[in-house]
Structure formats: structure tokens, C-alpha cells
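Presented sequentially are two complexes of chain A, the first with chain B as partner and the second with chain C.
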Partner chain A sequence: MDERRPGPRRRRRGGPTALDFAVLTAVLSVIGYVGYRVNSVLVYQWDWSTIPGYFFRRDPKTNEWVANLLIKGLATTVRIAVWGMILSTVAGVLLAFARTSRRLLPRLVGWAYVGFIRNIPPVPFLFLFYFFISTQLMPILGIDRFLAHASPGTLSVMQVLFGDVALIPNFASGVICLSLMMAAYIAEIVRAGIESIPKGQYEAGYTIGLSRLQITWYIVLPQAVQRVVPPLTGQLITLIKDSSLVALISIQELSFLAMEIAISERRFFEVWIVTGLMYFVICYSLALLMRRLERRAAAHGR
Partner chain B sequence: MGNQQKVPAHEAPVIEMHGVNKWFDEFHVLKDINVVVRQGERIVVCGPSGSGKSTLIRCINGLEEHEAGRIVVNGIELDPYSRHVDAIRGEVGMVFQQFNLFPHLTVLENCTLGPVRSRGMSKSDAEMLAMEYLERVRIPEQAKKYPGHLSGGQQQRVAIARSLCMKPRVMLFDEPTSALDPEMIKEVLDVMIDLANSGMTMVCVTHEMGFARTVADTMVFMDAGCIIESAPPADFFGKPRSDRTKLFLSQILTH
Partner chain C sequence: MSSVASPEGDAGAPRAQSRTHSVPWWRSAWFDVVQFVLLLGLIAWFAWRGADAMGYRWQWYRVPGFFYRKVDGAIIWGPLVNGLVVTLEIAAWGLVLTLVIGLVTAILRLSDSLAGRALAVGYLEIVRNTPLLVQVSIFYFVLQPLLGFNNPLWAGIICLGFFEGAFASEVIRGGIMSVVRGQWEAGAAVGLSPSDNYRFVILPQAVPIMLPPMAGVLINLIKHSAVLSFVAVFELTTEARNLIGDTFLSFEVWFVIGIMYLCLTISLSALVAWLERRVRSRG
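== the complex of A and B ==
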């Protein structure tokens, strides 16, 4: 962690070696070969002209620029990602504390949940839970009823937070499915963080009169999270990428709409390259943000 | 310093241990322990490692449960399995061998956490209180730093200030200088001597015999879970009664 300090230790970040050049050459030739195959063997006709129109289009009635499918899909993906991160992190932290509890029942519940989720693939889970959530849970939550009686002001706020109002039940089902899956993995990461906190920290908390809950909240959790920022970042990036899975249950996020464009325009490479880049931009921005958090934490020393 | 016998016998007892026993599974770690600590009294507990010294003081604030006998702290009985332990937490301060500061909080925040969250003190009052005690342990200038940036001796002094901020009736010290580099031991002992002179009731587990001679009203020597000898320092060092005490003293004082 002290790697950032200026000093003689940074000296060994040397320049490129012969091996680096060899690897670079190999990578470039593979890329060149793939390009060659695509161009000459597949005889693929590149045509990027239709792509920009899917970002923004001109509304024929008002003659204004409005967001088209790719931007709408991106917005939905970002919304899924943000809500998914919040829900799955909260659920994951709670599960992690259940798993490290001194009492048997929470430990057992946490253990069963993590064991169940981690050992079935996401696709069956998504289909099964989507059915359950959309037919059983959504009526219980009463989202439809709430939306039917909401004022226009509320609706416009909801629009910003959750996207197209008519699709909110569908959107919520997707987010909940995704969060339930990711919570299990986040729980394991946070649990490792909690278990790495030495016993002396708890004891010191007790001797200054703090309750078990206060020790957890003020002493254990902040340190545990600080310690697991790098693996947590990886898991949140996985969450964003796996949000493309909810296309399977017809949630109109980026991958779903990209698929529609690719099929209707018959421009597979162009559409998927652009879509891939859009995911890359979101995920890499998150990674940079988390890296900054990590450095801030490291500045505390230790 | 001639502190011996300064505490009159009529002072109220703060800690009473009667017939305390404890086992770690099969291992009988405390055997029929009887100790009374009166208001303002300073007790130094010594003995070979594994003799139960740390366990003894950890029973006083409920960090360990005793399985037989009575422990009364501040008039509140900790029954076996320590159900009343919440009532005495914060009344009994503790300083650990490994400091156990909270690394994610600044020195000042380490000191204010207890008063604010446990005593319900306002943040500004707690900060004033904390600065007062940080001055007493002679590191007010480090208040904004994180523990990871301090030396071991400084960290231990912060730990003492953190405990004092709870205004405890008793302070327990569990080998406070054992994890320190030699040149830092004195700065911590000096703070402890100041504290003793201010009238704080103290129970110290330590191997610092110089400190013990200066400060202790009573020396307690433990071996294999028993209290072998309990005497004022002049008698303890001058004419120890037990052979085991003599052996221990010869080992610890000659090297």
C-alpha cells in the first residue's frame, strides 16, 4: 500500500525489455490476422453510416434531436447498474454480518443463501426468479397501484430514477433478480473483510462502552469495506456486465436494444463493437472511481 | 517515592474478587483468586508468562467470563457469564499490549468515539475533553493524524488518553510496554506514573519492576493460575516469602 510514496523504491519500474516487444509484436500480428480474415475471407462490407442515427435521431414532428435506442439502452443499463449496486451492496453487507454472526440461525441462513446462489448459473436463476418476482412479489409491493395514483410531479421524478414509467415493474424485477445474485458474491467478499479485523478492535470498542451494534457500525464495517475495495470493484464491474443478462427477461437495456438493431440493420460487427465500447466506458469509469477511493483510504497509512 | 501504604484500609473497594475460578477447556487458568482493590490503590501484577495475569484483569471488565466465584466492580456484581458487564463498561478503562487503536479514525476521533457514542456527549465537548487528555499524555499536536503515522510509544499514549476520555473509575493495563521498542518504554511509563500520582485506581500487569517499585501500593505475584504472594513492594522485593517469588525475582532482576 505504501507503493505511492516517492522514494528510491520506485526505481525498479524499468522500461520495456525484449520480451515486452516480442509480446507486443505477437498481439499486433494476431489483431492484424483477424482483421485480414474479416476483410478478405469473410468479405464483410463495413458500413458504419447507420450507427450514429441510433444514438440520436431528429424527431420529425418537433425537428429536435432526441435520444434513440442506443442512448436509451445505455440509460437503462446505467440505471440498472446504479440500483443494482446499491441493493446488492446493502444485501451483501447484511448477509456478510449474518454469516459472521455469533448466533446459529443467521449463520445458517447466510450460508444456505450463498451456497444456493453461487452454485447455480445465472440464466436458470433469472428465469425462475423473474417469474416469481414479476407474478408474486410485484403485486405485493403494489408498484402498479402506486403508479396509477401518483401525481405528475412524482411520475417525472420516477422517470429520472427508474426510466419509462410503464416499464417500472419490469425494470424493478430485473434489478431485484440481478441484486439477489450479486449479493451472494459481495457477501463473501465483505465477510472476508470482516473476518480480517483483529479481535483487539472489538475489545477496544467494548472497553470504551460501545454496544455490539456500535462496534459493528463505527469500527468493523468501515475497516472491512476499506480492505475489500479492490475485489469489490471487480464484483461491481461484473454486476454491470452481467446486467446484459436481464435482456433475457425482455428488459430493454443496452444489450437487448443492440440485438434488435443488429438484427434489423444486419450490421452485427458494427453494432456489437459500439455496444462493447459503451460497456467498456461505464466499467472503466467505475474502476477509476474506485481506484481513487482506494488511494484515499491508503493515505491513512497502514 | 514512598507510596507504600498510602491508601487507608477504610477506602471503599472498587474491585473485589472472591474465589474466582476459570478454565480454558481443561486448562485451569485461574484458581481461587481473591483480590480487593480500593479507591486510589495501585496494584502491579507480575509473574511468568502463562500464569494467568492477563486473564485475571480481563475478567475485571468482562472481556473474559469467570466460571466460579464473585467479581464485584463499582458495586455491581458480574455474575458468572458476565450478564451485567454492560453496566461497568466504560467505568473500567483498559490499555492493551497491542494498543488496539482504530486505524481508520484520527487520534482525536479515536478519543471522542466513546464519549460521543456511549456517553451521548456533544461532539465539541468531546473534542475539548479529548484535547485535554491528549495534552496530559503530551501529544496534543498529533490529534489530526492517523494512528498508522505514529510511533508505538505515541500510539500507546493515545490509547491511554482514549481510555481516560471515558472518565473511568479504574484503569487496567495489560502489559502496556511489552510491544514497544526500548527507547519508547519510558515515555509511556512516565504517563502512567503521572496518572498514578493523580490518584487513579490502577491495576497493571507489567514486567517493569522499576515502575512497580515507584508506583505500586501492592505487588501481586502469580504463578500457574494462583496468587502466590501479595505484599507492599518493600516487602515483596526486600524479603519475598515464597521460593517461587524469589526464583522469579532473581530471573527478572538479574538479566
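== the complex of A and C ==
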């Protein structure tokens, strides 16, 4: 780390610098000012007592602890992220193949799609596609009909996989919207992975008489996967974060429910701080896990 | 971030044989382009048919009125133009804030100071690992009343500045690190203080490297400004939502908004591509 660091001197060990004092003073004064504003000017009455009740509550009928809105929202967010990751990886790999195809038509289609998604802001895209998907695609998929005729056993499996059965159409639209968006970014990652395989690998494959499909399957993909997995994990974190945007189209995930609680309880400070912490814990632990795996992979020489 | 590179330009490595002999017409590039245009037409037709099947009444003639109206010879700007102006305002001020925050964070991270590095890393991890929507909510619902100002627009701009500042700081750090170590030593050898060294030796070399990714940060700033429609900031997306609430012309308005954003971002993307080419050709 020290070697890569610019600067004429090596990093000094021990001994606080003038900058240390400046930074500490700045941080302490900000904390002090905020504390002064909260306690003396706003005289804000902190009330954290209702928050735990939104994680778990006691069911009045059975007298058991059950998950309440915040945990339910978190579960929906995780479900959106997992299904979104699966869908968008499949779509992204297909798009990446289209973009590296020898024919112009798939290249054009992939280029147009990726360019469109990467240049349009996520929020208008979500509104536009939610409108299309909920009015056009959902009737075609027939989820409502399927749910109406499903057996109780199927329904309980669906409940585990997709959350509250009544909200599945809503959930599915959100997942599809997010996946359409994320697929373009994953396509670029996978494409970079495919293109990083040197040309000699293809030529070697042709020399021993493999077909193009065989070369892709046996030679290119196994090597590309190793290079693609780390950035894909980063994309999962992005997906968890971006899943909060579907709150704008009323998908009942963590941010949406947090907003509802904040409004009904009139506890904006507490609810948003807790929600931010929940996202942070999930994303940061994923990021740490990713770094560890990467370091281990590097230590093993891939 | 350059997403307007031509599809021919980034053809994949796997192009085995060059096409020297003549190809039949159904394998020619022209035929592919024709098919592509047909495909786009097909998608448009499906969208139009789908809307028709819902009994949607197209009222495109009302759209120009959303941009401007002439009342007694004077032009009154419509909601879409007002929204666009606010979006550009957010992007401009947001960029200034982003650059300042990014530069300070980068310098703190590269500094000798333990507290400085801890502050920078803490800030980066918090911004990177929480959703922008939650950050916007915290700035709007928590920090705004806490710091005692009542201005949603500036709460939004400051929030975006902090959000993009994290990414800008990585760009700036990358640029500074890319200046070889000997330059620092040379600067120190002729007796420059660290700040003069930054000013006269390091930054002039680092800035050209930072420019293309920085333009990417600006594009993201425009894209992310739409998230501010979650709170009461009257930028382009908010104006569009209000307009749809008033007129129920969802298709027309979202279509127009999409084109407006695309024009903004694609022209900036083209600028990035041009900058990248220029930096590369300079060596």
C-alpha cells in the first residue's frame, strides 16, 4: 500500500499531523453543532421505543412473535435482489453474446439496448416500463390466473420464494423492471470478460478442430467466468441499492415501507436512520465478503 | 461511460476470418441494418397497438403546450421547460459540489493524517453502501430540519454532491496516483511545498487523465437527479409526474421525457468519447 501511495515522503508512523487536528476539530464541531441544534434549538424528542415494534411484533391472536413491516420490507428487498440478479444475469449473458457476435444484427440490437439503458435515468425508465409491464406484460404472463387456481401447497412455496401472495404481481413487475435495467450493465461486464480472452485461444480452438459453439463453451466461458465473478458481486450490491428505487412505483420493499412508517408514526428521523443502517449493514457486509473472497482467490493464484 | 461507440467499432475479438470474398445479400451488413430498423418499427407498432387495445387516446397535439404557450404574444414557458432548467441547475451546482467534495476526499485519503484517511474512508463506505433514495430521504427529512434551512432544491443538490463526490474522489485519486512518483520527488527536490507540488506539478498532469471519467460523473449526476422527484424538488421527472397527474397522458409525457434525458446524456456521452480519444491520441 505504501509503495503505491504518491507523495515524496513515506507515510510517517505515529505522531499526529496538523491535518489530524484540523480534521478532528472539524468533525467534532459538526457533531457539536448538530447536537446543539437537536437538543437546544429543535428540542427534538427522540423516541426510539416504537421502532423495535416494526421489526417484530406480537401477534394478538396466537401470542407469537411475528415479523413486522421493516423485516418484511427487508425480505422483499432481498427477494427482489436475488430474483433480479438471476434474471438480469441470464439476460445480460445473452446480450453480451449478442454484442460479441460476428453478425451485425445482434451487435446492433445489443448496442442499442445497452446504449438506451445506460443513458436514460433509472427513475423515468422505471415509471415508463412499470406502466407498460403492469398493463401489458402482466396479463400476458397470466400470474393472476395462475395464482387464482394454485393449490395451497403451491401457494406456500410461492410465499417463500416471492413473498406475500397477494402482492406477487406487484413484486414481479418491480423485479422485471429492475432486471431490464441491470441486464445492460451486466452485459457490459460479461462482454469485457469475453473480450479479455486473447485471440490465440480461439485460434487454438480452431486448430484442434472445435466448432465455434464448442470453443465458446469449453474454452472461452470457463476463463471468462473467473474474470466476471468479482464485478458481478459488485453488481449485486448495486442491485440491492437500486431496488430502493422501485419504492417510487409502489413496490412494497424496505424503502417504501419505511416511508409509510415514517409518515404514519411521524418519526422521520428515527425511521430513516434505521433504514439507512439496515441497507448499510447488508451492503457493507457483502462488500467485505467480496473483498475477502477476492483476496483469497488472488492468494491461490486464481 | 462512453456508450455511443459504434457497434462496428467494438466488435468482439471472435472474428475468425476476414470477409474478403463477396457475401450473399442476406449476409451483408446492409441487410442487417434493414432488419434492425424493421425490428425497431415492430417494437413501436406493438407499443402503439397495446395502447390502442387499452382504449388509450393519443393526444400528441397537446404536447407542444407542455413546452411553451403563447399568450397575447408573450411566451410562457411550460412545465417541461421549467423542469429541464431545474434539472440543469441541479447538474451544474451538483457538479461544483461534487468536484469540491471529491477533491477534498481524495486529498484526505492520500494524506499523512490518520484522522483524515479515516474520515475519507468512512464517508466513502457510507455513501457507497446505502441507496441514493435513502440518502435523499435522510438529507430531506433529517438533515434539512436539523440544520434549519427549508429549501428542498438545495437539500437535493447537496445530497447529490455528497453522493457523486464519492465517485469523483475515486476518479481524482486514480488521476493523482497515475502521476509517476518521480514527479513528486522532483517537485520536492526543487523545494516545492506539498500544496505547491499539487498545484504546479501533479494536478496539471492528472487533470487530463481525469477528464473523461469526470464527464461520466456529470452524466450520472443528470441521471440521478431524477431520484430527487421522491422529495419535493421540481425537476424534470417531478414535473412530468405532475403533468401526468393532471392530464393522464402517460405515454406521451414519459416518451417525451425519455427523449429529453436521452438527448442530454447521449450528447454528453459523445463528448466523453471524444475526450477519451483526444487524451489517448496525446499519449
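Keep in mind that, in the parts below, the second predicted complex is superposed on the first by the 238 of 302 C-alpha atoms of A that agree within 3 Å, B and C clash if a C-alpha of one lies under 4 Å from a C-alpha of the other, contacts with A are read in each partner's own complex, and residues count from 1 in each chain.
Here is the rule we use: contacts are C-beta pairs under 8 Å (C-beta built on N, C-alpha and C of every residue); 3 or more make two chains touch, one makes a residue touch a chain.
The structure presented is a predicted model; accordingly, all values stated were derived computationally and were not measured.
Of the two partner chains placed by superposition, only chain B is touched by A:G200; chain C is not. Annotation for chain A, partner touching more residues between chain B and chain C: C.
By the document's definition of touching, of the two partners only chain B reaches A:Y218; chain C does not. In the superposition on chain A, A:M182 makes contact with neither chain B nor chain C.
Within the superposed three-chain model, A:Q226 lies in touch with chain B and out of touch with chain C [touch as defined at top]. With both structures placed on the common chain, the touch criterion links A:L210 to chain B but leaves chain C unconnected. Shared contact residues of chain A, touching chain B in one structure and chain C in the other: 198, 206. On the side of chain A, the complex with chain C involves touching residues 4-9, 11-12, 16-17, 19-20, 23-24, 27, 34, 37-38, 41-42, 99-105, 107-112, 114-116, 118-125, 127-128, 131-132, 135-136, 191, 194-195, 197-199, 202, 206, 212, 215, 220, 237, 240-245, 247-248, 255, 258-259, 262, 268-269, 272-273, 275-276, 279-280, 283-284, 287.
Every residue of chain B that touches chain A in the complex is listed here, in rising order: 61-63, 86, 89-90, 92-94, 96, 98, 100-104, 113-114, 117-119, 146-149, 159, 162-163, 165-166. Taken together, the chain A residues at the contact with chain B in this complex read 198, 200-201, 203-204, 206-211, 214, 218-219, 222-223, 226, 300-302. Interface residues of chain C facing chain A in the complex, by the touch rule stated above, are 1, 3-4, 6-8, 10-16, 27, 29, 32-33, 35-36, 39-40, 47, 50, 54, 108, 110-116, 119, 125-126, 128-135, 137-138, 141-142, 145-148, 176-177, 179, 181, 184-185, 187-188, 194, 197, 202, 219, 222-227, 229-230, 237, 240-241, 250-251, 254-255, 257-258, 261-262, 265-266, 269.
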